[in-house]
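A single structure is presented below for examination.
Order of writing sets the labels: A, B, C and D. Residues in every chain begin at 1.
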Amino acid sequence: MRRIGVFVCHCGSNIAATVDVKKVVEMALQEQGVVHAEDYPYMCSEAGQVRIAEAIREHQLTGMVVCSCSPRMHEATFRKCAERNGLNPYLVEIANIREHCSWIHKDMAEATEKAVILMRAAVAKVHLNAPLQAGESAVTKRALVIGGGIAGIQTALDIADAGYKVDIVEKEPSIGGRMSQLDKTFPTLDCSACILTPKMVEAASHENITIHTWSEVEKVSGFVGNFTVDIRKKARYVDMDKCTGCGVCQEKCPSKKSLNEFNRGLNTRSAIYTPFAQAIPNVPVIDATACIKLKTGKCGICEKFCQVGAINYAQTDEIITEQYGAIVVATGFDTIKLDKYGEYAYGHSKDVITSLELERIMNAAGPTKGHLERLSDGKAPKEIVFIQCVGSRCSDDRGKPYCSKICCMYTAKHAMLIRDKYPDTNVTVFYIDVRTPGKNFDEFYRRAVEDYGVNYIKGQVGKVAPQPDGSLLVHGVDLLENKQILKKADMVVLATAIEPNADVRKIATMLTASIDTNNFLTEAHPKLRPVESPTAGVFLSGVCQGPKDIPETVAQAGAAAVKVIGLLAKDKLKTNPCTAKADELRCNGCSQCANVCPYGAISYETRLVNDHGIREDRRIAVVNSALCQGCGACTVTCPSGAMDLQGFSNRQLIAEVDAICR
Amino acid sequence: MNKVEEIKTISGVNPLKCMKCGKCSASCPSFNEMDIKPHQFVTYVINDDVEALANSKSAWKCLSCFACIERCPRDVKPGKVIDAARQILIRQRGQEGLSADEIPALLDEETPQQLLMSAFRKYRR
Amino acid sequence: MKYSYFPGCTLRNKAKDLDDYARACAEKLGFTLEELTDWQCCGGVYPLGADEIASKLPSVRALNGAKEKQQDLVAVCSACYHVLKRVNDDMANVADIQTRANNYMALSEPYKGEAKVLHYLEVLRDKVGFDNLKKQVVNPLTGRKIGAYYGCLLLRPGSVMNFDDPENPTIMEDFIRALGAEPVVYPYRNECCGGYISIKEKEHSAALCRRITDSAAGFQADCLVTACPLCKYNLENNSELPIVYFTELLAEALGIKEVR
Amino acid sequence: MPVTENWKPTIVAFCCNWCSYAGADLAGSSRLAYPADVKIIKVPCSCRVNPMFILRAFEKGADGVILCGCHPGDCHYSTGNYYARRRMTLLFSMLDYLGVEEGRTRVEWVSAAEGVKFSETMNSFVEKVRALGPNVRLGDLRCKN
């Protein structure tokens, strides 16, 4: 019989205000095997842990239950406390009487009754807990960063500077990401390329960083410290080693009608191209869907003009397989499609554009060479209307329920830049709320209003009506004046909601990292573990986790790097001892367990078994505990009940069921 | 049932979903005819001031064109609130927006039956 | 192909053209409109109130009639289409309305939104096909610039009507193109003409109509096409532009307008 | 059906550690209430839930059993929830024969970010079970041990 101690935490008033903790203690003492029970305001505090230590010694506890917050919060705390005091950590169970009880119930009697039942279930389980020893696994001292935007670059640089190898996988022909498309940045008006390019160069020249552009992650297996990743290096049709980046091929290419993705499709590019001048690597790719040679076999002009013979039409996709200890997701964002927002005439009028398109128009390397022009007729706009929250903060099925966070600030930036460069152009911003929480952010917005005369109107726009004369009639409202506004504009800019990159779902599935309903990756804890995925060894950097501006992204990228460095600095990792184990007397070697194991952790060996005096050679399932992740699929599949999961055994779970239904 | 609850029941609208963006008012073809503007409808419900809403001109000015309902980013459907206010009015005797005596003078050669039918539905019980 | 047909109050009288051409063109295009025997006026406007049942019953009767004949229910008038479709949606998805309406109706088998409501234009688009329609045109309307006027009732609310993109519809433009004319896209084609308000407040409706027709004329439309008798009435009272029913345009292109 | 006035159902919820248990935690920290009748048992993955556990719960007097896991495609162990889905489909199809009505069992996918969904799911499930009343049909057949 176990000697069990039950420790009931008040969590200040978080638990004690709704659960009668004294009653829980009283009821615990009536449970079989419970030799000690007590309550304390903060069990997790040092003083609380001292009480636990004393109780373990005084009552020679061989098991313990802590009735407290979620095990996701403090299971590790209490297990370490037990271990320090000579009790195997896996003889500790948590009854979650906070998140699953006191915080969701109001009636004290009801909550107390439930807390008692949860306590009983934990006690029943602990009776059957076995002391477990964590094994060890080696750590591959190399990290993978998926995505080569500012988030990925910063994470990679920080990891590399700490002395670890990092690979960046970027699906576009160049690293740089969204930031490379921006013209200026807030809340100072730095040129985006001027501050990003040095980082790109640093990453490319860093001895610890390997960059795979025009590449995608194809397959991920393994677990923390030991991931195996297949990377598809898409055919570039250009030899990276030979190409000098002279650019002649792009000039000579006769296929020039492909939409330029980097300029958001506002102009065209050649079939062989580098997305932008500062591209890294400065090696073009051939767009196979546009290349005349690859489509028809005729042409070959780029090959003819390439002086170093770098063009290779025979190149094919290549899959490389690499080992990593940690993986960082930095897949970034895109703007949402606006096809459901017909009222704003986007797609109908060329002069209704998104903010990201305006970035390209304002940029010297953009489709208008940096001149602010209407895309319809090339004229300089004299009246520009900005519409905020297009697709953000929506609870209908057209938009996103969240605030995209960056729009208020970049709109202030755009407005200011336009008023600065084109003082004759009037700028009106229709807003719902102006959100400027950030260092120097509100000051920045106020400058737009006070120093640059940008006209901010509180109210949303209902419709943008293109007029026969080519202008746009904006039907808005001024809520403070309580008036409908009809504003004639030459250009309308939509602050379009952002959403996680479309590929992120596929990547999350490969990594078994969880994702929320908006396709943002979920962090392990919303406050305390913001850069870790719940999946061990997977970390989050940048907008893939939630909307962020550049300073926040860079900060989070550094934080993710620190977490990776902390992991890679370890030579060995403790493995989860809650692994599957086969009972050799019951196993009949049928192989069904191996069929369902996602980790290939189960093999079979022929072993001499003594089955009640009968000695014979039998085929027995053997679980490799370093590979087993403890899901339990095999335990339910096993037809003879031989396979069981340590820490979540059939008997333990049934004991919990029985205690709850008692 | 008090008036606020009645409006909520008839309209099926949860006024608390509104984020006061004004897109309804920006879209409303009757905005200038209304004393209480579309974006204010829900505020009156929230403030329990259904009396003012029912006494306002707006109840008779809404065209039920559903532009506000279509474009509302919060799925609040402000047009349904004003229609519910109108319903409350016409369900009270003597509170109708069109009397039978008025009608002959309002018709012309081309008036389609549809106009008469919908006007009856909108103005009268 | 046979469809149950709901002509509606106005098509019996003032909008006889809309009705006659619809039937004649249907026969020409290979489908038949079988008028429901006991249809009653839909009421012209959809009763928005969640607690209004009686005013929805005429629609339920028509819908159930189509269900019993195992036919889709076709309407030509925008208002009828709007009311029938929304009541049908209620009968399929709103348990309270379904129960209470069925209690009134006392049908042999309760009606639960089984019928499918189609607008005549949807039949042309989805059943006949605009490509096919184009082949049957004998008098292509070449050179004519026609603006589609959708109004409110065909499109909104988009989540229930599912007729076309409520802010950027294309069905009427595709229809106009199939007849050989050039569609004129103008921004106010889905804005309200004033609807029923014109019975008492002619100026209010007039202002809205003028915005619509001025915009269409500004984009060089030489006529507007509509599916709604009330829209036609309101627009006609306030515009230089001719306003025609889409079925009339169809009859003209199919060469059966004169024959009638 | 003899429903006593103060009858409260006993409901067992198996939640996977990675998604649904975390979703329940989020419901808790967001203070999204659901009835205290629900008692959660943590399992590493929904595929750890042996159909025998569910039968055991009913045998011991549970009035409803719900199994929650990660959304299809999002399983922490890649495929566990698919196994769970198949097993439960098969089990549930036989439960009526065993005397347990269809509404007393449910499988629901709740992610770690879906505190609202967790709470709504539990509310609607409890409501359903309450409407069904005590699990007397199996109770009559129950083998007491």
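The rule is simple: contacts are C-beta pairs under 8 Å (C-beta built on N, C-alpha and C of every residue); 3 or more make two chains touch, one makes a residue touch a chain.
In this text, all values refer to a predicted model and were calculated from it rather than measured experimentally.
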Which pair wins on C-beta contacts, A-B or B-C?
B-C
Rounded to the nearest Å, the gap between Cα centres of subunit A and subunit B is 46
So what's the Cα centroid distance for subunit A and subunit C, whole Å?
48
Subunit B and subunit C: spacing of chain centres that average the CA atoms, whole Å
24
So subunit B residues touching two or more other chains come to 67
Overlap residues in subunit C, where contacts from two or more other chains coincide:
166-167, 191
Shared-contact residues (touching 2 or more other chains) in subunit D
none
Got a list of which chains touch which?
A-B, A-C, A-D, B-C
Interface with subunit D, subunit A side, in the complex: residues 70-72, 96, 98-101, 103-107, 110-111, 113-114, 117-118, 121, 505, 508-509, 512, 514-517, 522, 534-535, 578, 596, 598, 629-633, 635-637, 645, 648, 650, 653-654, 656-658, 660-662
Going by the contact rule at the top, pick out the subunit C residues touching subunit B in the complex.
8-10, 12-15, 41, 43-45, 47-52, 55, 77, 79, 152, 155-158, 166-167, 191-192, 194-201, 204, 208, 228-230, 232-233, 236-237
Residue numbers of subunit C touching subunit A in their complex, please.
159, 165-168, 185, 187-188, 191, 215, 218-220
In the complex formed with subunit C, which residues of subunit B make contact?
9-12, 29-30, 33, 61, 63-67, 69-70, 79-80, 83-84, 87, 97-98, 102, 106, 110-123
Contact footprint of subunit C on subunit A as seen in their complex
340-343, 345, 347-348, 397, 463-468, 473
